[in-house]
Amino acid sequence: MKLVAFVSDYRMTVDTLDRLKPEKLGIILVQNGVYHATVKDKGNPSPLLDYSADYYVLKDDLETRGYTASDVVNSKVKVISFGDIVDLMFNDYDKSAWI
Amino acid sequence: MKLVAFVSDYRMTVDTLDRLKPEKLGIILVQNGVYHATVKDKGNPSPLLDYSADYYVLKDDLETRGYTASDVVNSKVKVISFGDIVDLMFNDYDKSAWI
Amino acid sequence: MATTKLGFIVQRPGYKSENPKLALTHAIASQSVEIYLNEGDLVTADIAFIGEGVLNCKKDQKAMETYDLSSTESHIKMALLLDLNVLVCREDLERYGMTENDIVIDAEEFGADMTVKVVPYAEITKMMEEMNHLLFF
Amino acid sequence: MATTKLGFIVQRPGYKSENPKLALTHAIASQSVEIYLNEGDLVTADIAFIGEGVLNCKKDQKAMETYDLSSTESHIKMALLLDLNVLVCREDLERYGMTENDIVIDAEEFGADMTVKVVPYAEITKMMEEMNHLLFF
Amino acid sequence: MGKLTIGCFASLVGSLNLDFAVKLSAAAMEKGHKVDLWVSGNGTMISIEEQRPFKDYSSLEKPLKELMDKGLNVTACEACAEARGYHDSNTLKGVKRFSMDWYLGSTFDADRVLHIGGE
Amino acid sequence: MGKLTIGCFASLVGSLNLDFAVKLSAAAMEKGHKVDLWVSGNGTMISIEEQRPFKDYSSLEKPLKELMDKGLNVTACEACAEARGYHDSNTLKGVKRFSMDWYLGSTFDADRVLHIGGE
């Protein structure tokens, strides 16, 4: 399956992503999930960025929290819009998971 | 200060307890906090039981989740009622914290 | 004549949030969905408990006695009575020191034939692959 | 003539829950509490951001532009304008790689004299000791 | 005997936070304490009338009324309520609505304060 | 063009989950997709009228009405709403109320489903 997962928390309360092994995985950082893209904890980038996945972060939710695209710490995380989310869901993945 | 902290989650989302250093600390496990008293993770009792504190667990919240006093894994955790919480708050502690 | 398969995945413990219970009540609603569909069409619901979600399956929940609230246990039994497929991750039960004896397995008292299936996580992965849509709680 | 001192401790990031914002709006309400009190009596509110709560202090929050919602930043500025004591834990700012340049420090544009104080955690402990009651968010 | 002020904030109905607050109020009153209960954010849900009691959902109107009859002082944050579409006209009889300063005022002479925040 | 069914569940008003769902609905409709929005649990908060718009709280009545005018299909879980004291009489015009099976029915011919659960 081709699964796109939405991560909306910074402090994760589930381990689900560790075990999902879809053929193709996308991770969209939304809400407080955007901190994974902008904040280092004691100098270390978030382990959430270590999955073998395509990474996206929602521009609106970055900006709400005081960040811009230039604050994204890892170039593999692509800044996207709500419209891009729709296209990803319909064109690149067949199932979604709000973790 | 004499502080009584209420823990209502199993998967903690804050580190606050690591740093509170009151003269006297009480920890009351309520809601999903009761799992700290009844469940081991991979054989290990919850690290939440490692503080230098007096421990309590709310009987109603144990029972709601299918446990009884005999399921409490550590004898230092005392099973109490809502009435006991009131007495602890008024007689043994001067401040409270819902973590 | 078509079937849409939904997988309800419960990853968190109950009561602190309504979500695990709503997963069950919504899955159970698959039994009455035909009013919205053409004859022969179906929507099915499979349920899997993973991670701390397995704590929802503990038996002897006294939510009615303590908070005057129907328990998640009673909803699992209702799901069995209605022949829903209920899976519980074996590795996660073991992780939290639980066995089949600790969890709700059947609803014989209501005449349910279906039982909860304690399965390796690999089988839950397989279920997720087979579904058309997934709903994580 | 008596004073009750409240300590508002914000431990979680904002927006995902209303709580950090409600901490600020309630603390700000200390400015109008006298209608419930006898003359000369006071309730004061000190605010401290600790742990991931320090993320609430990031400047340039665009919540109004994105979600048509006043930002937590604007509420911090309001608290400064009303002369509330706002503390931010230095160790936690450092933990998340932030400096004073990244956070809201003053509300000069509104004419506030008060500034946010970045302090070692030990000072927040001291504040907590001095308070009559603590409110954790 | 003392005074306990409880604040119950932005929390899920399904979290049982409000149920906890009501049961703790009852226990404190039984021991002779005076109790003020402030609800704010989503906690204002407790303040509206005609919530249909189902066993699948927390239903607190009945215990709340019984406790208010015995002197429990319940106040909802007016702005939080209005923002959710809860108006004076459908507020449960006996529940007051004030600005946030009411909560702070209540703590002035409280012996103990339990602020139920969290998520 | 396809059909997207979004379910938004027991979540805080303050969590912005409902705001997210409404913005995603708008984006999908702009691209020509049909959108069904199901709200359940505390998500039913979106379904009542006369929520006073303050800038301190999410206020979705206006965008929701605009989207419903353009064809957004919004349905609230009837039992979840009734349990909270939200009745037919104060339901926002255009929002439907049905049993939970409506959500499952909506997924039948949906090309994509986004279920916003979480905490």
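Letters A, B, C, D, E and F name the chains as they come in the text, with residue numbers starting at 1 for each one.
Following the convention adopted for this analysis, a contact is a pair of C-beta atoms (placed from the backbone, for glycine too) under 8 Å apart; a residue touches a chain by one contact, two chains touch by 3 or more.
Since we're looking at a predicted model, the values are computed, not measured.
Undergrad: Along the shortest chain of touching chains, how many steps lie between chain A and chain E?
TA: The least step count works out to 2.
Undergrad: With contacts defined as at the top, give the pair, B-D or B-C, that has more of them.
TA: B-C
Undergrad: In terms of CA centroid distance, which chain is the most far removed from chain F?
TA: B
Undergrad: Same or different: at the chain E/chain F interface, is the fraction of residue numbers used by both copies above or below half?
TA: Same, since over half the interface numbering is common to both chains.
Undergrad: Measuring centre to centre, with centres taken as mean CA positions, what chain is farthest from chain C?
TA: It is D.
Undergrad: What whole-number Å value describes the gap between the mean CA coordinates of chain B and chain F?
TA: 38
Undergrad: At what distance in angstrom does the C-alpha mean of chain C lie from that of chain A?
TA: Between these chains, centre-to-centre, one finds 28 Å.
Undergrad: Could you tell me which residues belong to chain F and also touch two or more other chains?
TA: Touching at least two other chains: 10, 12-16, 41-42, 56-57, 59, 80, 112-113, 115, 117-119.
Undergrad: Among the residues of chain D, which are close enough to touch at least two other chains?
TA: 12, 15-19, 22, 25, 52, 67, 132-134, 136
Undergrad: Which residue numbers or ranges of chain B touch two or more of the other chains?
TA: Correct list: 8-9, 11, 13-14, 31, 60, 96, 98-99.
Undergrad: Pairs of chains that touch, anyone?
TA: A-B, A-C, A-D, A-F, B-C, B-D, B-E, C-E, C-F, D-E, D-F, E-F
Undergrad: So in the complex, the part of chain F that touches chain C is made up of which residues?
TA: Where chain F meets chain C, its residues are 7, 9-10, 40-42, 80, 99-110, 112-113, 115, 117-119.
Undergrad: Show which residues of chain A lie in contact with chain C when the two form their complex.
TA: 1, 3, 13-16, 19-21, 95-99
Undergrad: Spell out the residues on chain E that touch chain C in their complex, using ranges where they run on.
TA: Its residues touching chain C are 12-16, 19, 55-59.
Undergrad: Would you tell me which residues of chain B are touching chain E in their complex?
TA: Its residues touching chain E are 6, 8-9, 13, 30-31, 60, 81-83, 85-87, 89-90, 94, 96, 98-99.
Undergrad: Can you tell me which positions in chain F touch chain A when the two form their complex?
TA: 2, 4, 15-17, 20, 23-24, 26-28, 30-31, 33, 111-119
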